[in-house]
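What follows is a set of structures to go through.
One chain, chain A, links the two complexes that follow: it is found with chain B in the first and with chain C in the second.
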Partner chain A sequence: MTAPDPLTWRMPPRWVLLVGVLSIVCAEVAGASMARFKLELARWARGAMLTHPTIHGLVGVRDVDERILDEALVKFDAGLRLFHMHAEGMGLVVIATATVAATLAGPGAARRAIVGLLTIGGAGYPVGYLVWSALIPSQGLERAKTIAEWLVWIPFGSAAIVALWWLAALVAWRIWRP
Partner chain B sequence: MSGPVRRPPLVVVLIAVVVIALGETAGAAMSRLRPQIERYAAARVAANAGVHGLSGSAEYDDDVRDRAIFTAEAGLSFFHLHAEGLGLVLFFASTLVASAVPGRTMRGALYVLLTLGGLFPLGYLAYGAAVLEVGRDTGVELAERSILTPLGLAAIAGLLGLVLGLARRRA
Partner chain C sequence: MRRAKPPLTSAALLAVIVTAVASPVAAHHVGAYVPKDNAITTNFKQVKFSVQAKKFDVALQLFETGALRAEMRAHAATLPAGLEEGTRAALKAGDGAEVERRLMLFFAALARDLAREADRHLADGAATAEVRAATGRKFLEAIWRYYNLVDFAVSVRDNKTSVALRLAFDEADTYVKPTAAAAPLDPGRLRQPFQRIADILSTLVEASSTQARRDS
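Here is the complex of A and B:
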């Protein structure tokens, strides 16, 4: 058996590639669904908001309520768009950065931790936008945002950021001490 | 023809990872520190009242301040978006250069161009800061002329060079 060439990329574990590709697939499907089911989604969100008038501060005056509903629908739509965009990007980020970690980090706990944090953080973070959108009709704008923030964005986003800077430090170390 | 997927020099890999990490961190900062960023931007506009043309009339000044803050925040938002994208472009394009472009000199030149192009998003950080320090129009023009245009051209030249390198290998 020959030793691996140090100048070639090593593949990250298969489950990491699977998660990265799945994230991209979900983003594509979400993009297509947003275009195909735009009306249905808006109708569902509007209907759900009307069943929670106090949460949205609806007062029964058409002029006032329509403005509130429009604003919430814009945010609902923005959440879906942001999921589409972030899931596409983060899928690629997971594949690229896990490849760097698999190649340049020595085998052991550090490599497993970096790859794990990159994959779970990177693929989990965009889901926060779906959670935000899904919760807007029942929880209202601010509460939906707070839930998504503490449940998804902060834990998963922090994991991805910590792993990326850890990886950057590791690559810098490899340059400094080849 | 298939073959091993080679990696680019570590300096190029480091810059790609750092640019992506900066993009992620900027996104988190934009979300968590929005009020602080707005306050800082407003303070810088007030400190540079002359270049922003503040007149002392509250209504007019509020409008000028809001537009400057909006433009500075747009700079940060563009930085987040472009850093994520161009970090990946640098990673994948330089891997293609390492794997498929013949000639050490050509590869070296393409690494330099692509790496400079990978730094393009930093222009948007400068854009946001320049807007606050030297005024909206002057700041935008300064960032575009001195950073965004040269680095953007480097990215385009690097990618075109990669296309030529791939075509040459095929021929």
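Here is the complex of A and C:
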């Protein structure tokens, strides 16, 4: 029996592939839903904003309020679009980077940690945009952003960034010591 | 002799440190908002550009079917008498300067009403300094959205009014800036520039309307 070629790509664990593919599926479903229910979503968001006038700083003067509502609706829509784009992209990033990690990192805790952080961080980060968007009507632009940041973007984003730096260091090390 | 440990652990540690120090973890792409024209400002631009191109029939049609005329009717009680009829007559006569003057009066009146409304809102003593500043900022944006459309027309006819209004606007802008809101601001002081804007525009509307009556 011969030893495997060290340059052969190794598959990451199947659950990682499932998470990556699910992320892409969610992105596509979200994109299609945004197009199909654009009007309903905008109506719902506008209605919810009007029930929270103080949170949005509405003053009851059309010429002032229309701009506040317009900005919130634009950001609400942007949140959904950014979720669609990030979930699509991060699904691919998870699969690609986990494959690199599975190939270059030796079996053990380091490989499991890199793959775990990449998968959880990469798949979790886009959800922050969905959270942000969903919270805008009831919490206002800034508070919704703060909640999404501390609940999703910072923890999951940090996990992904740490794992990517770690992976970059690993790749550099393998160039130096194949 | 003890073999050196693979540098994976130290690399990971380094990555964590670099990330913690340098990574902009809180910098997320959340899009940018560019304020759009509303139906009134859009219709104004359509009419203005048609008049500039001497297409008065097109301008008249845009005026008759657009948001400008609807808004003139909705605000008829606070606008100079006969503003709508006068604008229509100027469009039919192909008198570009008079169309411009009538529209200047209309937007000056809209901005004046907003400044008065802002003053009423800022008089609310129960609101915190931050809320008052935020309310002032929103009203200022709305006032400027209308006034800046006719500032050139105002400055051509009455340069002093244009300068006085800009000064009042700048003062109000200083008070409502987020950095200025951090320090408690006397509500009376915040109201002053808005009252001045309302007074200046009121004088402009009245003077121009009187002038128009004399000329007719």
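Please note the rule applied: the second predicted complex is superposed on the first by the 175 of 178 C-alpha atoms of A that agree within 3 Å, B and C clash if a C-alpha of one lies under 4 Å from a C-alpha of the other, contacts with A are read in each partner's own complex, and residues count from 1 in each chain.
Heads up, the rule we're going with is that a contact is a pair of C-beta atoms (placed from the backbone, for glycine too) under 8 Å apart; a residue touches a chain by one contact, two chains touch by 3 or more.
As the structure is a computational prediction, the values presented were derived from the model and not from experiment.
When both complexes are overlaid on chain A, the residue A:Gly89 reaches chain B alone and has no touch with chain C.
When the two complexes are overlaid on their common chain A, residue A:Ile161 makes contact with chain B and with chain C alike.
In the overlay built on the shared chain, the residue A:Thr8 is in contact with chain B alone; chain C does not reach it. In the superposed model, A:Trp153 makes contact with both chain B and chain C.
In the superposition on chain A, A:Arg174 makes contact with chain B only, not with chain C.
In the superposition on chain A, the chain among chain B and chain C reaching more residues of chain A is C. In the superposition on chain A, contact of A:Thr97 is made with chain B only, not with chain C. In the superposition on chain A, the residues of chain A contacted by chain B and by chain C overlap at 149, 153, 157-158, 161, 165, 168. Interface of chain C with chain A (complex): residues 6-9, 11-12, 14-16, 18-19, 23, 25-26, 28-31, 33, 35-36, 38, 110, 114, 117, 121, 131, 134-135, 138-139, 141-142, 145-146. Contact residues on chain A toward chain B in their complex (touch as defined above): 5, 7-9, 89, 92-93, 96-97, 100, 103-104, 149, 153, 157-158, 160-161, 164-165, 167-168, 171-172, 174-175. Those residues of chain B that touch chain A in the shared complex are 4-7, 10-11, 13-14, 16-18, 20-21, 24-25, 27-28, 31, 84-85, 87-88, 91-92, 95, 98. Within the complex formed with chain C, the chain A residues making contact are 57, 59, 61, 63-64, 66-68, 70-71, 74-75, 78-79, 81-82, 105-106, 110, 113, 128, 132, 145, 149, 153-154, 157-158, 161-162, 165-166, 168-170, 173.
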